[in-house]
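Inspection log for the structure reproduced underneath, given as structure tokens.
Labels run A, B, C, D, E and F following the written order; every chain starts at residue 1.
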Amino acid sequence: MIMSVGALAALCFVIATALAVANKYLQVDQDPRIDATFELLPKTNCGACGFPGCLGLAQAIVDGRALPGKCTVMTEDERNGLAAFLGIDAGVQEKVVARLACAGGTNVARNRASYTGLDSCRAASLIAGGGKGCFWGCLGLGDCETVCEFDAITMNEHALPVVSEADCTACGDCVEACPKDLFSLHPVSHRLWVACRNLQKGEAVLADCEVACDACGKCAVDAPRGVISMVNNLPIVDYSARHAAPEAIERCPTGAIVWFDEQRGTVTGNAARKILRHGARTGAPT
Amino acid sequence: MPVNKASNTDEFVKGLWRDNPVFIMVLGMCPALAVSNTALNALTMGLATSFVLLMSAICVSSLRHFIPRETRIVSYICIIASFVTAVDYLLQAISLELHKSLGAFIALIVVNCLILGRAEAFSSRNRLVPSVMDALGMGVGFTLALLSIGAVREILGAGSLFNVPLFPDGYQTWTVMVLPSGGFFVTAFWLVVVNWIHQRRALSP
Amino acid sequence: MNGTPALDKLPTSALAMYRSIMVIGALCALMIVTVFNATEARIARNREQALAAAVNAVLPEARVTVPVALDAAGALHTADVLPALPVFLGYDADNQLVGAAITGIGMGYQDNIRVLYAYSFERQAIIGFKVLESKETPGLGDRVETEAHFIANFEALDAQLDATGNSLANAIVPVKQGEKNNPWEVDGITGATITSFAIGNILNDSASEWVPVLEANRQVFAQAPAQEGNRGAGE
Amino acid sequence: MTSLTSRLTDVLADVFGRHTFGHGIHPPEHKEETRERAIEQFDFAPVLVVPLSQHLGKPAVPLVRAGQEVVRGETIAEADGFMSVAMHAPVSGTVRKIELAPSISGSMVPAVFLEPFPASTQEVSDGAPCDVETATPDEIIEAIQRAGVVGLGGAAFPTHVKLRIPDGNFIDTLIVNGIECEPYLTTDHRVMLEQADDVFMGLRYLLSATGAERAIVAVEANKPDAAERLRAACPDDLPVTVDVVPVKYPQGAEKMVIKALLNREVPSGDLPLDVHAICINVATTAEIGRLLPHGRGIQERVVTIGGPGIKRKGNYRIPIGTPIRFALDQCGVDESLSRVFLGGPMMGAAVSNLDIPITKGTSGITAFTTSETGDPYSGKPVYPCIHCAMCVEACPLYLNPSQLGLLAKTEQYQVMVDDYHLMDCFECGACSYVCPSHIPLVQYFRLSKRMARRQQAAEQ
Amino acid sequence: MKILHRQLEIASSPHVTSGASVDVIMRSVTLALAPVCVFAIYAFGIAVALVLAVAVVSCMATEHVARRVAGQPSSLGDWSVAVTGLLYGLTLPPGLPLWMVAVGGVFGVGVAKVMFGGLGSNAFNPALVGRAFLQAAFPQAMTHWTPLAGPARFTDVPTSTLALPFAQPTYDAVTAATPLAALKFEGTATDTSELLLGMTAGSAGETCALLILAGGAYLVARRMMNWRIPIGIFGAVAALSAVFTAMGASFPAPPGFMLFSGGLVLGAVFMATDPVASPLTNAGCWLFGALIGFLVVVIRLWGGMPEGVMYAILLANAVSPHIDRAIQPRVFGSVKS
Amino acid sequence: MSDLSHWSIFINAALINNFVLAYFLGLCPFFGVSSKLDTAVRMGGAVSFVMLVASVCAYGINHALELINAPYLRIISYTLVIASTVQLVEMLLRKLSPPTFQALGIFLPLITTNCAILGLALFQTNRGYGFSQSVVYALGAGAGFALALVLMAGVREKLDLASVPALVKGTAAALVVAGVLSMSFMGFAGLGA
């Protein structure tokens, strides 16, 4: 009995010594807060923060190179929790969402050729642009929907993607995915929106899509000075000019420029309503 | 700071299904497959493991402030190994036959990833009562998982359940079920069933 | 997320480490020893019973068994420590040598098979057989333990020595089921040919080694060593 | 019969390991309908659309304004730097506008819209001639750039760029590629038959510009008449041989020609230059021989219009900028026309918009009807890859299309580039052609290359 | 201009295909197997027809139902599961209870094909997985061989065939030994000519080497099968058995006997060549064949069982991804050795 | 002491009674680290190495325990010694070759508590193997473990490119592969004779 206890104690002594020695000479230092912070991050590794994955951001936050607000995926509670844990500022930013610059669903835009092949916008865009009449328009095969890890994008009945503002974390995957570069990230406060990328002007444009911008320039005239400028046959909204106003959309003949209203949702101008017979407008927040 | 809000019942229940050690966390697979060739073996193994799980949870949780970070693993192993040795001898004292049919796997409870995993992930960070609830939940979850595998294997492989014949004479036994490959297949089958239930749950809000 | 991340970066003092490990080690050792002491006797009894039951199964006449072993010089003597493949001499109620229970081992279908069989001095034959350990396929290989016609082989499997007394007169050979014509043949099992043949070969190998030795020492051990009693268990 | 004998030569060549390359396929050639038809001059369309970018490299810079009148052959856009070539007016007429016009890639590109003068004689204006006897290599290269010459074999790579040999390197063999392995196409065949003298004239310029010791004209065995004609017309003073190579697709690809003729392998990722060879299409060569002595520029090219969807199949000399719609109207199309591509069916690009113009790179217009049996995907189910290795046995570059296809499907683009040489694939289509599962491998690879490039760009 | 106001179709190049198609290939395999099936029925009686029918139906039904449950269109149209069913049936003992045939078919296709993702995804040969499962589940039934059917007994069905589901089969008194078992356990060798003609006991479709080889030759001629695999196997088996016999193996195994006995020919020609589970490159196929040959000889000569073709192919299936990784085609223009 | 030949011990441990496929030992790392081939190879190597170390340790400890007649300390002392040895190896690795450490990630600690290792130590003791037999046994078990792991990884990488149904993807698919492998390994039965 004594023998056994002694033997085991001796064994433990040897092991403890080995560990103590190893602990002293072989220890590799790493700030334990990095792991802890990583644990608190969502671990989706979406990269929206601009760091290589969540571990990268954890490292950066602990090193003081970034604030928890960089992560667009965490809920506010989680962000504050992390900030409190590290005793730093959360650095919350305004909510940013993805917006689509095309409204040419199958109800209003025509296809020139019927495409067969891989079921992907990126693949289709390599085959004569994908066959859509408007070269700039959405191909509707849903690559953006597929890549969105947060299920924030759904394709509507006219094969146009619809972004759910609530779910969108502004990770930017859809921006990356769309071969027609139709998505961009905008703060929700950007309410004036040009839902078209067509660089042509006049009648030719409307032959391919009823809701295209035909570069008439009325919005640029109607908006307060300096808010909208016509560049390459498209209106460009200067969001830094904070006085963007809904009146710019009123006379748009096709409804290519819209206003996202907090209450009424997507609003098109009066002049455009007559043209749009075929159902709901799309590409707008729900 | 993130706070552990779960109630003690939650800690217990989660091991049964949501965090089931075998089907969800894929821990402790070795005994789950090796000694699940009959329902009785599965039950014995499940109980033995649960016992060790419970006792080590109690010790680890009570001693959690006493054990420094560096010696954590060694200490836990020491504690677990003692209880396993105890179980080993107790079982031999109870029935040599049963002990023999579980083979080396009683001793191998020491290295069952589940036990050390729970000690490390839960007991070492939580107070006594939640740790006990967690250990009980995990133990029962583990036992149920073993039993469900063991039952299928015994029914098909031997035509009996807990050594009670279920079929009339002339039943064709499925030898494969008591062989190693059968263990893999039955566990895979259960995993698919579990996944399927999860998928169904996810679909229906 | 359970618990809070541990943030103490302070290195632990060696003392704390020693303290924790040593204390835990000592407590554990104490517990193990206690349990061991408490169960030791019972386990020993279980073991004894198990082995005795096995020996009894193959050599029912024996009342007393004595383990024997060969020493380096090849002489037979009673064994204090059981070897890996123990051999027991069996004595009847009158302390007369009736037979021996011999352990044999050999490759079966899957892995090694360990068997215990009884040799009867009187009948010069193998008269009992039991599988101690096997990993043979249930329902196939393990039929060697249940199949009546196979067990019947060991009611009297001829193991006479030849004239020299150094080897069996007829080697024990396994044959396919239903083809047994001689008392030294082992009638195999269809569907478990490999296992049943393996048993035959194990018996042949083991008997070729042990029967000459036993027969040569038959007189020396004719009487049971009085005081030793029934030992046979305990490793 | 010819195809049988050529297949036989191919087998023999394979056995002796000479004169061709490994793997490859034998699609039906379908050349018999147009190869006998002499080149015909084409009419002018009501509006000609001359894109400023018809070549790889930078677009040309327009020299004309809307409303301006131009003479046929006049330079209407000049090269923008070395990786660019000039554009010439294909017709005498008025510049209507310079605006976006559709292109074969589907994108909208700037183009000069020209309206022909109805009454013009359409005389071609001459420029400063380049004398082959006296011009220095640099002068020839400059003249070629001024003439707007790009590869007429399909890739439309500016020819003068290829001819500029970097210091320290050299060319020993100039290969004139008259192989034309694409089914249906017979432009190079007709050029060799009808413009043999232009070819040899062009060769003089090219030999002089590159300093190559010799030239080989490579002709596929299915055009014995062309080989015959070239041999007969070959001037004695030129170090030129005419080599006949077995019929096999894609024998015409640069790397395959060089392998067949010189038994050299262009290293993966390198240029022919690195094995001291250069490969110029025979029509490009003929065009150089035709234009440079007069200082003219390219304003038309030979195009095979064929395929089951065309009524009057043939080889036509068509002004650059002619809309495809006009060209098809001229030749007549079948009621059930369903597909049109520029080039042949193996590598040709599908046309989604008939308003796109014929450019310098257009070697053929092939039209299929709905009944065309070779139609790949409509109606045929796409099965999963069964690892049959037919694609592996077909790929002339010895890639592993099967694995590449699986990787593409799971979007592992970087692995495709790093471990499976994705970037080597020249999209010949041999793998898709043989695949019994009808997997659109080429499309996968094109997409994957694009994605890999984007990922690489994003990383930098 | 009137042409084309209809929409054009666009797709990626190439715009033509060779016409090869998976369903054509698979149908050709069934065609190549047809004579083997007919011979099996001729040799072992009508029971084999039942076995084959149940095998094919159980395999096809499993795949069809699984696809339906998963909400996918049926994939019976690619014919691959028909090939699986047929080959699976041909590897079974002629008198196997029909319910066991169905169990193995469901397992082989359900587990080794559907669960891996269907056509093209199965890492192991589904037919053989089905058989291996039966061999492990019902080893007795799977090693019970009915003798050749005489003309009179052609219409007789062995009692075991019709055993009730889940019930142990009862066997007719007469049994036979396969040539390999006869050699291994009794030391009696069978004549090579007998093996070639197939008048021996064994699995339903494995006995007539000549017909199997003819079917294989047909597929090779149509370029639907890589001949390097069977040739690799035959070469390895012949060479190794000659060497081992010369070195004095536990029993003599003349190459001729080794080649044409057991499931070797059927396995080598039709099962090792399953494109899905074999390597891609030709060099890889040689290696794959040699590996199978090696394993077959080792298992036959030293293993517990008389036959090892099934296990050898399954093991080689597991090695095949490594072969594919190690042996890639030499890319054009990469440095020459 | 057992008198089996080294060859027979090796073949038995590596193929017939493969630790993973027949004895179900070390399944956690087997499923955890078998999805990529290169980690699988390294893990196989690491386990083989630790097995060797464990086998030698166990042999020594067993003798020591027999000396003081305390067989009941076997489990605890095997575990402790093996665990701390592995932990030392792990620390050394972390110090000397951070990339290797990184690659094996959280699985290095798993080796510590891998039942294959302890199983090996206990089996060799139960079977009464001598020193050289123990070493051969460890080598065989390690080779078998590595073989199973590598085969598994190859198949799983292939499955990565396949369209495995969502219900099966992951552990269930791995279990099926293990099952088929285990059935295939039955072909090796009897080879160790």
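Just so we're on the same page, a residue touches a chain if its C-beta (ideal position, glycine included) is under 8 Å from a C-beta of that chain, and two chains touch if they have at least 3 such contacts.
This one's a predicted model, so the numbers in the text were calculated from it and none came from an experiment.
**Student:** If you take the chains that touch chain D and keep only those that also touch chain F, what is left?
**Tutor:** A, E
**Student:** Smallest number of touch links from chain C to reach chain D?
**Tutor:** 2
**Student:** Based on CA centres, what chain would you say lies at the far end from chain C?
**Tutor:** Computed centres place D farthest from chain C.
**Student:** Farthest from chain B by Cα centre, which chain is it? Let me know.
**Tutor:** Relative to chain B, the chain whose C-alpha centre sits farthest away is D.
**Student:** Counting C-beta pairs in contact, which chain pair has more, D-E or A-C?
**Tutor:** D-E
**Student:** What is the distance, in whole Å, between the centres of chain B and chain D, each centre taken as the mean of its C-alpha atoms?
**Tutor:** Computed value for the inter-centroid distance: 69 Å.
**Student:** Nearest whole angstrom, what separates the Cα centre of chain A from the Cα centre of chain D?
**Tutor:** The separation of the two C-alpha centroids amounts to 41 Å.
**Student:** If you average the CA atoms of chain C and of chain F, how many Å lie between those two points?
**Tutor:** Roughly 29 Å separates the two chain centres.
**Student:** Could you list which residues of chain A touch at least two other chains?
**Tutor:** Each of 4, 7-8, 11-12, 15-16, 19-20, 23, 27, 40, 85, 112-113, 116-118, 123, 126-128, 131 in chain A touches at least two other chains.
**Student:** For chain E, what residues touch not just one other chain but two or more?
**Tutor:** Each of 8-12, 111, 115, 117-118, 120-121, 133, 136, 139, 304-305 in chain E touches at least two other chains.
**Student:** Two or more other chains touching the same residue: where does that happen in chain F?
**Tutor:** Expected reply: 72-73, 76, 80, 84, 87, 162-163, 168, 172-173, 176, 179-180, 183, 186, 189-190, 193.
**Student:** Pairs of chains that touch, anyone?
**Tutor:** A-B, A-C, A-D, A-E, A-F, B-C, B-E, B-F, C-E, C-F, D-E, D-F, E-F
**Student:** Using the touch definition from the top, list the residues of chain A that touch chain E in their complex.
**Tutor:** The contact residues of chain A facing chain E are 111-118, 123, 126-128, 131.
**Student:** Give every residue of chain F touching chain C within the complex, in rising order.
**Tutor:** On the chain F side, the touching residues are 1-2, 4, 8, 12, 16-17, 72-73, 76, 128, 189-190, 192-193.
**Student:** Residue numbers of chain A touching chain C in their complex, please.
**Tutor:** Residues 1, 4-5, 7-9, 11-13, 15-16, 19-20, 23, 27, 31-33, 35-36, 39-40, 85.
**Student:** Using the touch definition from the top, list the residues of chain F that touch chain B in their complex.
**Tutor:** For this pair, the touching residues of chain F are 21-28, 31-32, 72-73, 75-76, 79-80, 83-84, 87, 109-110, 112-115, 117-119, 122-123, 126, 166-168, 171-173, 175-176, 178-180, 182-183, 186.
**Student:** Which residues of chain C touch chain A in their complex?
**Tutor:** Within the complex, chain C touches chain A at residues 1, 5-7, 9, 11-12, 14, 17-18, 21-22, 24-26, 28-30, 32-33, 37.
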